[in-house]
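Take a look at the structures below.
Common to both upcoming complexes is chain A, partnered first by chain B, then by chain C.
Right after this comes the complex of A and B.
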């Protein structure tokens, strides 16, 4: 069967065309923080439809978790790139030219561009008030802190960490940072909107059709069933195509124009749309001299940019992922989702786990070094096994960390020699709670039609569904039809994120086929996972299904330049039962390659709020030539096991295994990406330490931590006695 | 139709192209492969009114062994080489003539970006753009190459690479001239090119070092670290009549690092570049004299 992605037959959102359609372009604020005093579009020709702040003041606000965004930045621009006005013209070029004819008067305001600074006293407030969203993506207790830039605060309280540290023989403490990143899907964001008899129809590349519909209903104050969302297959998404992006703007333009309107973003605009959260994580970890972990304290400063988007969810998942898959009697986590005057940050493959695992697993190797213990042994001693409880109180089942750890250690020759090698283990949660539903119809010609909302973004979800359906129905996959999702014809699904579709929709499908066999013509199935965490204590069910993975790396360092080569990279991911083997393998490989970019060179840079590398020349993503000399992975399978999501698990372990491999050579890098320059600086610090050790007897850990304490300790206000 | 769509002129002969160049001067932006101009236009950094494309000037796409000037004696050295301005990077990289006699040139062009870019980007374009982060200029300067500039009024003018690039995106080409050819003499022994990338394998260099012995003299050129390729004849003169050993190689590297005032960009800070220059120059010289 020819692949329509390869032959070009596939129709993406940007290929959707209508008679008389107009093309949109957006006027963006050049200032990262400014009051908008006047928008004058009088010079724009009559053939062009213009949307200015006055057109949107009557509309509702939106935001999937915190309702903080208007269709246009009406009175205040909060990041350089915030949409201030929009136009629709007969051609893209005319639209771009019309944008230049709009005159905007701004009054510049002081901005804040770092999450740690944004919570310091006197920092400018990005939003005056925090309104909790009524979208069902706001699925946990939001804890915005009024009068601060904190739009959500998540805590875990398990045991008594202070008491725990008193019983620790060895304690390490470090502050880690990770950079922002661009998803850089090949296909940019694209949407087409039209109004048909008062009903809004939108073709858009989205992973979240139902959440999008909810927010649009709120914006236009119309019932959800007056909105139809059709997501064509996407050319990559990685979390970027979630919730409301430009759909509201094109819908407004289409309504004003009385004609369909399309928008396709330029590559540059992708950097102004959604990126990955830069984060600062401070970890304090204590163990007894035999390596048993006793206490762990984590603080996260999660930069969500100018609008919250799903940042609260990211901060929450980062918070519990940073604990790691270990038995620790005393755990305290404080994770903060913080506004800054940078472009919004949102879902990104790994969803907070990458940042968390970078800090947590680098800290484990620091602890192993201080204990004089093999980092693998330290992990094997503490890692969760079936029947253990996680710090959230939930009981762990179907746990395979030890098996995965042994697989990667074997592959990398850990027992022979540990120089230049590193490994890591992680657990990543899946969206909990959530609901997936699916309908299966038996057609008269012996074929079947499966209707579900799972979005196809290149991950192969539709192929996996088709294979599962064919197996359950006992027919050839070619006899299973899969109409493209459309909110008018598919039943509800939470969203295509968090590697949940194969697992959740797969289980719903089993129910639907069972129902079909009973009823004959039409079957309906639903899968609901219940749970969630108390945001003030972190107790509850973080995830009903854990993504479990490990990786290992070997590096070779050019000590004169800091440039290093990843000689070997291997991951072992628990897969349970594999449905679509080539798809599963590609997910692992793709995740690992994306993780390499994060590890080695991806990082969005800003100068006073202005992006400075928002193009694919100044910002590098991995190329084929960047792959390690030996690049491999295992799908760890169990006969008869349940299906496991695999879309993201192999990304978060990649940066720490490389960081730990460098650390085995005394090269201690704490910030991502690990650029050649950062590595060379770390080599310099190692030389200084060695010089110091040779000269005088100093407790190098103490002096180093002392210095870090003074230089790097971020300040965060403690809202005294506040429970939200 | 929008007035901002540039006029596209695509002459099919050099003569016609030179006439248009003379007539339009600054009003027309010359396009060769378009890999650079395309980015500038897409990012709306430039909005030319007229584009003068050389794509159809097929007489500018050639690779030919040049005239042997008779100086080529003794050990077998490279033969003279002429490359037309509209020759693509990929054509240079794959040319049997270049690969046989000038493998260092084939190698250097093969390191530029990706095959898709190399199939478009041209030899004349990369020199006339004078982008500080390109690979070929440093190598061609180390080889003491020259370019031929032509104009309707003055005919041919030969410009040494040493004098072609004058600053960021600036050359000594005149407004009525077109760069038509690159010439390399045959008197080159041992040439090396080291592309130091600090990030992806498809990235541009953070530090590029080209070194060659031309007419018995060492020429070391460092690219991608400043507004134009950096060449210090007085430092290279340290190697006159000397066998370049590790000590001398280190000394040349150290002096290059001291003499260059490096830039900071997304590929590395000035301080970092300075350290890498010292290392990479030394390594280039060691590679020349294994």
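Right after this comes the complex of A and C.
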């Protein structure tokens, strides 16, 4: 038995130790929005190294898509949890005690905690002005709106939606909301930094070693080759371990201390580090009486929190994902990435598609109901096929929506009875543009060494790469060595995100092995996918490779209490050619289970900017007992097909299949997560719609309805300055 | 204060603060890195160790309470325990962070209930969370381990 995950021998970033290493702790703003007037660390003992705003003023700003973040919140804290000072001490306990000895004087400012409110008249500005972008993770032009909290605005203009709606026989309109969520990787963020002769070395759980190195070079104003990033395998990441997290703070402390410094976050701090974007989406969708879609309008308000991180990319992806995999002659999308005084939101498995698919696929079932049409028929009639053009203008190829839809419908017994059942189809883009490169060396003993930057976070990427290399080299997998990534020894890769590694790095590997066979000792391969969208028109190439999937669910509802059970859950995901079967199955199953959490109970709650459920007791993640009894999935394979990325595709369809299953019973839930209370409220609204009569029953419903309306936003204002 | 207990069969003596949790002592002083901090409040099970054959969340178990106890971590199973083998054969893990806690919980569970039903397995896993969502294969691993009937053959 050798698998280090089973013997416990695997070492994560939190296990990295050095002689004389110090432990870091961070002092965070207790206020969601405050001016920092004074930071006094004079009471901290000399044995403790302190980092205060005065230490970082000379350093560069950072941010993967917009450089809006300083190493510490120097003058202004923008969320409750914004780092204001940090310490490094010989033990964790001493570090935590030292934090309490730092005295900070704040002047509280008015905050804003909702993306829709943040673009309304008179909303406080989270940042006084907008910032530049120069990381290679900023792969499209930013469209910040001066004088507003909008840091990016993405548009799709395809056809003429107003004209389109004139020709629609049926139109539906709805506003959907999704809650913020915590990635909650079992291993918290952990980093160790040390300086060796002017060179910075960092061991850190990261999916984005080269993007991180670039931002750190900007912060410290040193060449990138003076920084070495080593990502040990991660204990889960799901998008949380991307770009700069605490690496800059530990690097500053290590430089000041002249010793290695380590940080391991507490669970509470995870909620203050990176979450999933809460979003509001308004959808208007029109069709002819035969079900042919004619026009679609989508507006997205995407809450990126206090710092942009990759929120602009999320807003962009949400924008085009909300169109759905359909032929629609007229499309207009306006997606706004908006600052608020909440902790930063960033990459999260599903990357904008989850929020978009929730709104878009729930809207499809609303339309089907209004048309009096079978939701499956409506989808089959409109879904993209090979040779169609998406609303971005790009030509669709290798399209498999119809076969995936038929597979799930068949599995759920759709033809027999549709009561309590729901369907969903989705397409999710892969990072475009991007570049993957890889090197293969033939060793003298007949083994091979493969070097690439693909990070391992549990998704099984290293096993997949090893299996692919073994197949191409025609040797046993045991003869392929795969040194852990290290920016000093691996060639450039955009990053390990967007389910791109098996596909992109796999293609680069084919080139590298071909090169090796020609040259003998060393082969190098590269795969570049070109494209991208014009942020003002949404025209171009959204993705060179589409993740395609479908799902179906069946629910059973207790109408007295609103409690419901997902009795069946199935997904069919297009896999093309499967490399690592158990890994592929685990990705599908894991995505579906995470999607269940999103659908049923995961939602971060805030009270005036303070997270109120930032622990794994108040914030539940799925346990074994949460699995539906009938839980299954298909990897849809085709002989000779391309490899398809599978890391996320099965997550976004889970909330809408459950929402649509409820909707088939007249229970219209529009916000995630779908709590029993939300379902009960929706049951009450259905009773009212059906004119279920008089007396006490209606009074009870009315008062509940009134409260619900008060909790909801009364209006959705236009973003100011977003014209032109 | 000085603490004496048996860890994976070896009599051990460590110095610890009276208010320290067993997790800290196992990781920091004894280098047992399979015992892992996650939630800090005894919910997730990643820090599970067996204390006198009971699965314990060591993140909320005061180290002095382990005085005189027998403590088992995955390092003590050697690597070829039937539950470990079943995990490997079923590919019942992704990142592996929760795996040692899962294995210890299941080991103890099967010793008490060698022929569990599906429902009993789901309940038994309630205190061990896996964010990668490997539950389907973890449940399969429990069944596979149970099917080897190693418990009766050992006794």
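Here is the rule we go by: the second predicted complex is superposed on the first by the 690 of 724 C-alpha atoms of A that agree within 3 Å, B and C clash if a C-alpha of one lies under 4 Å from a C-alpha of the other, contacts with A are read in each partner's own complex, and residues count from 1 in each chain.
We take it that a contact is a pair of C-beta atoms (placed from the backbone, for glycine too) under 8 Å apart; a residue touches a chain by one contact, two chains touch by 3 or more.
Model, not experiment: these values are computed from the prediction.
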item	value
First, second, both or neither for A:622, with chain B first and chain C second	both
Touched partner set for A:38, first chain B, second chain C, both or neither	neither
Touched partner set for A:97, first chain B, second chain C, both or neither	first
Contact breadth on chain A, by residue count: chain C or chain B	C
Chain B versus chain C as contact partner of A:563, first or second or both or neither	first
First (chain B), second (chain C), both or neither touched by A:589	second
Touching partner for A:184 - first (chain B), second (chain C), both, neither	second
Partner chain(s) touched by A:166 [first = chain B, second = chain C, both, neither]	neither
Which of chain B and chain C A:676 touches, first, second, both or neither	first
Which of chain B and chain C A:266 touches, first, second, both or neither	both
Chain A residues contacted in one complex by chain B, in the other by chain C	266, 615, 617, 621-625
Touching residues (chain side chain C, partner chain A) in the complex	32-34, 36-41, 43-44, 46, 73-75, 77, 79-80, 84-85, 87-88, 91, 93-100, 103, 121-123, 125-126, 128-139
Chain A-facing residues of chain B, complex	2, 4-5, 39, 42-43, 114, 196-204, 206, 265-266, 268-269, 272, 275-276, 279-280
Residue ranges of chain A in contact with chain B within the complex	91, 93-94, 97, 266, 268, 560-561, 563, 600-601, 605, 612-613, 615, 617-626, 675-677, 680
Residues of chain A defined as touching chain C within the complex	1-12, 14-15, 183-188, 233-236, 238, 264, 266-267, 457-460, 582-583, 585-586, 589-594, 615-617, 621-625, 627, 631
